[in-house]
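These are the structures in question, set out in turn.
You will see subunit A twice below: alongside subunit B first, and alongside subunit C after that.
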Partner chain A sequence: MVVLRAHMCPGLELQLVRDLREADISTVEELVSADLEALAQKCSVSYKALLAIRRVLLAQHTAFPVSGADLYEDLLSSTAILSTGHPRLDELLDSGLYTGELTELSGGPGTGKTQVCFGVAVHIALHLKQGVIFIDTTGGITATRLHQMLQTESSSLEEQIAALQRIHVFQLFDVFSLLDCLCSLRRSGLQPVAVGGACVRAVIIDSVSAVISPLLGTRHTEGMSLMMQVAALLKALVKDFSVAALCGWGCAPCSGGVLEPPSPHTAAAGGARPEHTQLQLLKVCNAHQVLQTALSHESGV
Partner chain B sequence: LCSDWFKTMQGFVLFARLEARRSLKDIEPRLFPDNGGPENGEVVEIFGPEGTGKTELLYLLLSRCILPLSAGGLELSVIFVDADFSLDLFRLVSILDNRLHTTDEALLRSCLSRLLVLHCSSSSQLLLTLHFLETSFASRPDQSLLLIDSISAFYWLDRAEGRTSYSKQEEKLNKCSELLGRLLRDYKITVFATSSSAPSPSPAPSHSSAPSPSSAPSSSAPSPSLDQDKPYLCRAWQKLVSHRLTCSKSEIVPKMATTTASSLMGPKRRRATQFTVHCSSRNKGSRINHFTVTDRGVEFITELNQD
Partner chain C sequence: MQRPVWSLPLSSAVISKLNRRGYQCTADIEHLTAGQLSTETGVKEEEASEVLDLVDHQRYPVSITALELLQREAELKPIVTFCSELDRALGGGIPLGKTIELCGVPGIGKTQLCLQLAVDVQIPECFGGLGAQCLFIDTEGTFFLERLREMAAAVVRHCSLLTEDQEQQDAMRTFTVEKILSNLFVVRCDDSMELLSQISDLPAFLSDHPEVRLIIIDSIAFPFRLHFEDLPLRTRLLLGAAHQLAALATTRNTTVVMTNQMTTRVQGEGSRLIPALGENWGHAANIRLLLQWIDCKRMATIIKSSSHMSTTVHYQINTDGFRDLSEASKRAKVQTEDQKAVGNS
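== the complex of A and B ==
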């Protein structure tokens, strides 16, 4: 709901806003849906003026129509594929993480999700020389582990330090800080405060479920709506800035049956149970379509 | 002066109404019961849990509309309102490429230029966008199809905003539905909207109290669980819906018909995902179809090649 304020658009003076408020019109939606003739008489303002204001407000706040052809051209020029550093993982993901898409990594505890996230961050920072934003909600990230992984890939200290500088870490432990962080990243155009210079190409969140699962499963609706807000923010971020997003989602450890981990848009309660712990890789192209591929856990990812 | 202008505006709207819009009854006759395709001014709701092929069905309808007549299309303009970033243009282009049988860039571009995409991020923006689209429908009689993916995208956000009052929770979707109803009556467009089923915490009891007319024939459908299929969006929306396509999916293990087939398939038995769509139309009966999703998009399975 966008509240009407004076000078939002030419012709919308303070007095008019007051008159409209007295006529029970306080938001843009109400003005756009109202009967303008009757309103013009009530607020003693000309019908044409109201119509002009309505047209401008509508143009300002409505979704911007884009032709499919233009959208396709944009996508072709801005989509990139980021290799994850592991050839077999790349194969599963159809050659890597796509910018403009959200990939979910889900599995039970101890299945290697965090290590995969670290590996991807290290590869992108060191070999692809691009910036990475790492949002840690479990307290699992340590510079020593990242350094250890970097040391196996490169022997030059300057390179390792440069790579570490390209990984920007945010540590937060509740959903409101997560929303706040994502909002401020969106506002600042994904240029975090730290010195780096490298353009951010990936946002890795380990893990989203740590902040959302405690809120789900109750009768209150806040959990679901907060989850939808996080998802919407992430998808908007990913589309607007052409970055790839990798999110971890922890499932309950299971035994017996086929693993069907919930995607971020169903309640996180248990679900069915597989026979052994499995690292499942899900490619989430949008909120409601999930392509599943199972990758069995390999030690030393 | 104002009233003259107003009368001219009314005349313009009347003209747009009278100009017949292309009927989309034949858009996909396999989906609907015999002679029961969507008439002008009707809403089709594609309902089902996630991953059951709803957006794929939209791609099917979309490609049918924007493809040229030579490729089996209708050459119509389509407006796609994307509420949850689910439009995957690469997927759409690969479906179009498969159906066009050519790699002619210009032809692809001309198809895509018939598609207009609008991203909405909240139900308020959806309401404003529908108001904006009114002028578009008024001035372009070739636009007869509106696709919304999905109408339930903001359900949880609205519920949280409305706190404990059900009327406040449903207020925005109610307004969108009323506006959509008016656009349907005035401009006779056809609307297809997807809606995701079963938000797992129990939906508010007031939604389930009144059975909507369009879901009555579906009680005989082999749906997985009645709770999951219950319509939970606001009453105003349920009244608009004339046809309901309920989607579900199942894993099937294909039977090895002949030895040649089994040797071609390789050592492992592959599980194929089969999707089912059950259509129930108000006063027109119902129909069930099965399909799989391939590179060409939705491929219906007929009894002849079902195995």
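== the complex of A and C ==
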């Protein structure tokens, strides 16, 4: 809901805004759906003026439909597939992480989610030479480990240093800071971190559950709403800037029964699972539907 | 895309007042002054300026590159455990700035390791230590001063044997058992509420005592396993507390060590021991060490860590404290291996 303000568009003067407010019209939606003739008489302003204002406001605030063909062209030219650095993981994901999509990594404690996140960050920074934003909410990021991984991939110190400079780390510990961070990244177009010249290609969050789990399960629904807000912001971020997002979610380890990750936007995996620890990869396609490519892997992936 | 007002950390009264006047998103409020917002919506001036502060464009979290993080980590020394095998597996010792969970059956040596770390963190810098202080939060009543004295005396003896240069000699003059005891702060918490409020008070405590680099909670499981009927509430409280500790550890470069108990999981015909406090608690700590008996020997295994390989090492507890398997038995092990090699060739 957008509040009507003076000078939002030509013809919308302060006096007119006040008159409209007295006639119980305070938002753009109300103005656009109101009966303009009656309104013109009430506010003693010409019908034509109100019509012009409505046209401009509609143009400013509507979304424009795009044809399927244009959308397809756009997608072909802007989508990139980022390899994760593990050939088998790439196979699972149909060649890798797709930009413009959000991939969730969920698993029990100690199954290797953080290692996969590190591996992806290192691969993108070193081999693809692109920037990576790593949001750490658990305090688990260890640059020494990243360096160790870089050393196994490349023996040149300059390359290792350059790769380390392309990984930007945010250490946040509550959901409001996470929302602030994602909002500011979106607003600034990922600019503050594109200083090194490399443009950012991936956003990795390890893990979202650390900031959201303490809020879920109460009578109040703020936890759920905040989680959906994080999801919506992430999806908007990946679409607008053609980056890939990978977020970790910690769930209960599975033990011969049904795996139930405590995250409402993924459906529970059905069927019996073997007893060893597992890493389960779920691909989130859109907010309302989960395409579950849940394939079990042993923890040696 | 606009950020809704309810996603800001404001009280629900303020949010409902803003919503009633049609201010649903931050974009609607950005251009107003505190006075205007206050008159429009009826919130108090201070609350209005608080709202505008939150909406302000300028505030966003700052990032550092992985290179700077590496340089910062290189400056942080780990805390030795005095068991050289375990120190080697951990890359020098318990790392600073992380949360570590010690799980094990009763009597395996969790409290002994905690007491050892409480002394080791105080080793002067010229001997390779941190020269820092320690806070010990005792919930089980297992803190024994005499045992700490013994361990402190052993460490002082060890350091005095290593003294070579003038700096170390000067340090040894002040590094005594009394000094070690005076650099250790002990708090006793009797139930979960006291523990949680102690954890919330930690930032203030650390600001007052900037030399503290190690916080030990022995144990975090005990107060939460008694009289807690509402299990989902327990999980939420525990995860929230663990998260506060992780934030504290990372921002203040302090290590937090927590001990956990074991419980039994019955599976089909058999049962096995798993760490207590539920399955979601497993995500709380950065590093998890499992202490267990294997073949009548004490073994420590790293079962979760983002920067260490999963290894199992031997250790023992003797009068000096937490140590490697003794020299005598190490020599015996080497001899039997030689004999085996001679036998095979």
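Quick notes on this structure:
Please note the rule applied: the second predicted complex is superposed on the first by the 270 of 301 C-alpha atoms of A that agree within 3 Å, B and C clash if a C-alpha of one lies under 4 Å from a C-alpha of the other, contacts with A are read in each partner's own complex, and residues count from 1 in each chain.
In the analysis below, a residue touches a chain if its C-beta (ideal position, glycine included) is under 8 Å from a C-beta of that chain, and two chains touch if they have at least 3 such contacts.
Computed from a predicted model, the values in this text were never measured in an experiment.
Placing subunit B and subunit C on a common subunit A by superposition gives a fit, with no clash between them.
Judged by the touch definition given at the top, the superposed model places A:Ala232 against both subunit B and subunit C. By the document's definition of touching, neither partner reaches A:Lys129: not subunit B, not subunit C.
In the superposed pair of complexes, A:Thr218 makes contact with subunit B and with subunit C alike. In the superposition on chain A, contact is made by A:Ala69 with subunit B only, not with subunit C. Contacts of A:Val2 after superposition: both subunit B and subunit C are touched. Considering which of subunit B and subunit C touches more of subunit A, the answer is C.
Put simply, the three-chain overlay gives an angle of 130° at subunit A, taking C-alpha centres for subunit B and subunit C and rounding to the nearest 10. Looking at the shared chain after the overlay, A:Leu58 reaches subunit B, while subunit C stays out of its contact range. By the touch criterion defined above, A:Lys42 reaches neither subunit B nor subunit C.
The minimum CA-CA separation between subunit B and subunit C in the overlaid arrangement is 6 Å, rounded to the whole angstrom.
Residues 1-2, 27, 216-218, 222, 225-226, 229, 232, 236 of subunit A contact both subunit B in one complex and subunit C in the other. Within the complex formed with subunit C, the subunit A residues making contact are 1-3, 5, 26-27, 108-110, 114-115, 118, 125, 133-134, 138-148, 161, 164-174, 176-177, 179-181, 183-188, 192-193, 196, 207, 209-211, 213-214, 216-218, 222, 225-226, 229, 232-233, 236, 250-253, 255-256, 262. Contact residues of subunit A toward subunit B in the complex are 1-2, 27-29, 32-33, 37, 40, 46-48, 58-59, 61-69, 71-72, 75, 79, 216-219, 221-229, 232, 235-236, 239, 263, 265-267, 269, 285-290. Of all residues in subunit B, those touching subunit A in their complex are 2, 5-6, 50-51, 54-55, 66, 79-81, 84-93, 109-121, 124-125, 127-129, 131-132, 136, 150, 153, 156-157, 159-160, 175, 179, 194, 196, 198-202. Put simply, subunit C touches subunit A in their complex at residues 1, 3-4, 6-9, 21-25, 27-28, 31, 57, 59-67, 69-70, 72-73, 91, 95, 97-99, 232, 235-236, 239-240, 243-244, 246-247, 249-251, 265, 267, 279-280, 282-283, 286, 288, 303-304, 306-307.
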